[in-house]
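Should a chain be cited, it is by its letter among A, B and C, assigned in written order, with residues numbered from 1 in that chain.
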Amino acid sequence: MPDENHDEVEREAARLMAEERHREPPPACPARAKIIVEDFSALFDGTPALKHIHLEICPCERLAIIGPAGSGKTTFLRSLNRLNDLHWTFSRTGRILLDGQDIYEPGTDVAALRRRVGMVYAVPVPLPWTVYENLAYGPRLAGVTDRRLLDETVETALRSAFLWDEVKDRLRDQATNLSGGQQQRLCLARVLALQPEVLLLDEPCSGLDPISTARIEEALLELKSRYSIVLVTNNTKQAARASDRTAFFLMGELVECGTTEQIFTNPRHHRTNDYITGHFG
Amino acid sequence: MKIHPHITQRLAVIAMWTLTASTLGVLLFIIAYILGHGLPYVTWSFLTESPKSMGREGGILPMIVGTIWVAGLAVALAAPIGVATAVYLTEYTREGRLTAVIRFGADCLAGIPSIIFGLFGFVFFAIYLGMGLSVISGALTLALMVLPTIIRTSEEAIRAVPHAYREVSYGLGSTRWQMVTQVVLKSAMPGIGTGIVLSIGRSISETAAVMLTAGSALGFPHSVLDSSRTMALHFYILSREGLSMTNAYATASVLILAILVINLAAYWLMRRFIAKVA
Amino acid sequence: MLLMLTALSAISGLALITGFIFKEGLPIIAKVGLGDFIGSSDWYPSEGRFGILPMIAGSLEVTAGAMVIGVLFGLGCAVLLVDFVPPRAVSIIKPSIELLAGIPSVVYGFMGVVILVPFIRDYLGGPGLSVLAASIVLGIMVLPTVTSISVDALQAVPRAYREGSIALGATEWQTTHMVVLKAARSGIVAAVILGMGRAVGETMAVIMVAGNTIAVPHSILAPVRTLTSNIALEMGYASGDHRQALFATGVTLFVIIMILNTVALTVSRRRGRRAQGQ
């Protein structure tokens, strides 16, 4: 059965590529876009993982990225902060503009970029240090040495991630002693400590219980007033309840992008509908 | 005649325990024998006096100093170079032909007998570079000898650090250098430390290579260009020439105690490393 | 980049050693003739005759004897440690065996002279200084290497193999010798070969207990001189052609060890790949 599905999906993708010229461009942002992805393609060792993506990410919104495994969601996310550069075989064409500046332009300060566009991973990875040290690491890398400033930054970040009350007496504890949900919020706080402008989250709730998941979604709702948030998720229900716009990726292509309400109630492409209703993926 | 498998198992386990117990027994016997015969003679004056009458009487202070000089210098030279090489191989190059060749070379050199290092050291450092039989010749030779081990253990320790830590560090805006020093090396340090400590142990025990390069002078080494006799070599000479059995045992006791301390330190470091990274 | 220079200098330092030894040793082999060098039993440096056959035979016999003991005891300990004792016992036994590896070779040689040689002389015959004495001492010295690499190989066998066997009704011992040992075969072979390399390369302990007579040993109670002893004993006073010949002995040693190392690496890599189904 999986084989049949795979063939079918392949044929669909070929048909979609042929339709490319007839597809409407994704809706633009009401105000100036935070990130503009312009005809962006990503390749690993020559094999395309993303094909000609056009997308805009607006300020102060939560954009969910959904799609089956292997559709390029994570690759897309990692392209936004140039984490794909860590792979020797990565190459790309096209541009990604952050506030109008191409992040792939030669001479870009990549470390600074990653401080502006922060990332939370699927599996919480607390560094083997104390809670405080985990949070202070980013600011210290950026050159902050003043102790009082660091203390303030740590507290603010923990509050924004809804973790302060639980760990305020445990700042000197090993971060690995926290529960899974707490660790993930720690990772979120760690990124927030850098006061980024964009937050990228790669399936952040995949290993968490419902309560921890709810806490993180609560945090994202609060944070969207200050940041652009891009959330990759395998869980369509999460996308439906925790995002403002949704983009559907399939086989490295952006199939459809629109408001969450529109995507989930009235998708334009039947493949989107098939995915959302669970016919594949 | 078919024997019931449970009986074969019993016999096998008994056999293995016998082997293991005798191995441990040998270890304990050696330590007890040497310390038993030698500890009573390890007095403060033994440790702080110079040998008299070719070592028949007196102490081993110059040997202790010589050993510390030779082994200490050797590790002080080999450790930074070895760790740096390991860092370079793991973090700054991609896996390929070159790194495989380098690793094979280091592995092979780790297996080269110490006498060959002694030969090389003698001809190259002592004669060709004109350093003569001296502390520095011995230290340089030993440094080359322990270098492959340090490279290998450091590399393993660095590789054991989870890849995710590196990604997290980059994601928070670090440069490669910051990531390597503040995340990777910090976590790998106990493992690297184990390798270094064990190299110290090896340097102290080494005899063949120092015999040919550091010489066997009885006097106090006042500079690195002086020849000096290490404790292990002194023990060998004392016992071979039959000069003083009590002093021989005492020297060996000091050696064994040093090795015990070093191995304990390495073991403790290894436990810390596993706790940090696992 | 500074790191790259450090790494390159480390590697080139090690390559230098290889080059040097060969440079010093090859000319004399050419002069004497390869066949005569390794085939003749006449080692008379003062007359310019350099045949190292007795030493090659000596090294081979002593190593073979050492491996019998080293593999028997080493593998026995390894199997016991991996599958037949609780973790608490492992944390005591394993470091103890590693401690055995830290004891200086001169101490082993000394214990051999004091305990083992008289025993052999009194109860088994011969001068005591013999192939047998050297084999036993070397076997104990090589044991920790065999054990630790074998333990790694045995632990690498997937748990599923063991569980599958037990589920079919086998006892632990049956599982071990029918399943686990077969699966770990390549790693164990590598352990044995590396142990051989260490045995071939050992110098000081062998000098003290082997007797050092230049003659092909005709029984295990006969005295023997190995390649390593040859170098260590005569280097102190050799000059000219004699010294070159000792380097040539070193070259022979080097070649033997390189062969052993390469075989060990290929065996473990090839079997590893086969296990992965390539």
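The rule is short, and it goes like this: a residue touches a chain if its C-beta (ideal position, glycine included) is under 8 Å from a C-beta of that chain, and two chains touch if they have at least 3 such contacts.
Note that the structure is predicted; figures quoted are calculated from it, not measured.
Under the contact definition stated at the top, no chain borders both subunit B and subunit C.
Central chain by Cα centroid: B, whose mean Cα position is closest to the mean of all protein Cα atoms. Each chain gets a centre from the mean of its Cα atoms; the one farthest from the centre of subunit C is A.
Summed over C-beta pairs in contact, the chain pair with the top total is B-C. The mean-CA centres of subunit B and subunit C are about 18 angstrom from one another, to the nearest whole unit. Computed centre separation for the pair subunit A/subunit B is 49 angstrom, with centres defined by C-alpha atoms. Distance between chain centres (mean CA atoms), subunit A to subunit C: 56 Å. Partner subunit B is touched in their complex by these residues of subunit C: 1, 3-4, 6-7, 9-11, 13-17, 20-21, 24, 72-73, 76-77, 79-81, 84, 93, 95-100, 102-111, 113, 115, 140, 143, 170-174, 176-177, 194, 197-198, 200-204, 208, 228, 231-232, 235-236, 246-247, 250, 253-254, 257-258, 260-261, 265. Every residue of subunit A that touches subunit B in the complex is listed here, in rising order: 81, 83, 86, 88, 111-115, 118-119, 121, 123, 125, 127-128, 137-138, 141-142, 187, 190-191, 194. Subunit B meets subunit A in the complex at residues 94, 162, 164-175, 178, 182-183, 187, 276-277. Residues 5-6, 8-9, 12-13, 15-17, 19-20, 22-24, 26-27, 30, 33-34, 80-82, 84-85, 87-89, 92, 102, 104-109, 111-120, 122-124, 144, 147-148, 151, 198, 201-202, 204-208, 211-212, 232-233, 235-236, 239-240, 248, 252, 255-256, 259-260, 262-263, 267 of subunit B are the ones that touch subunit C when the two sit in their complex.
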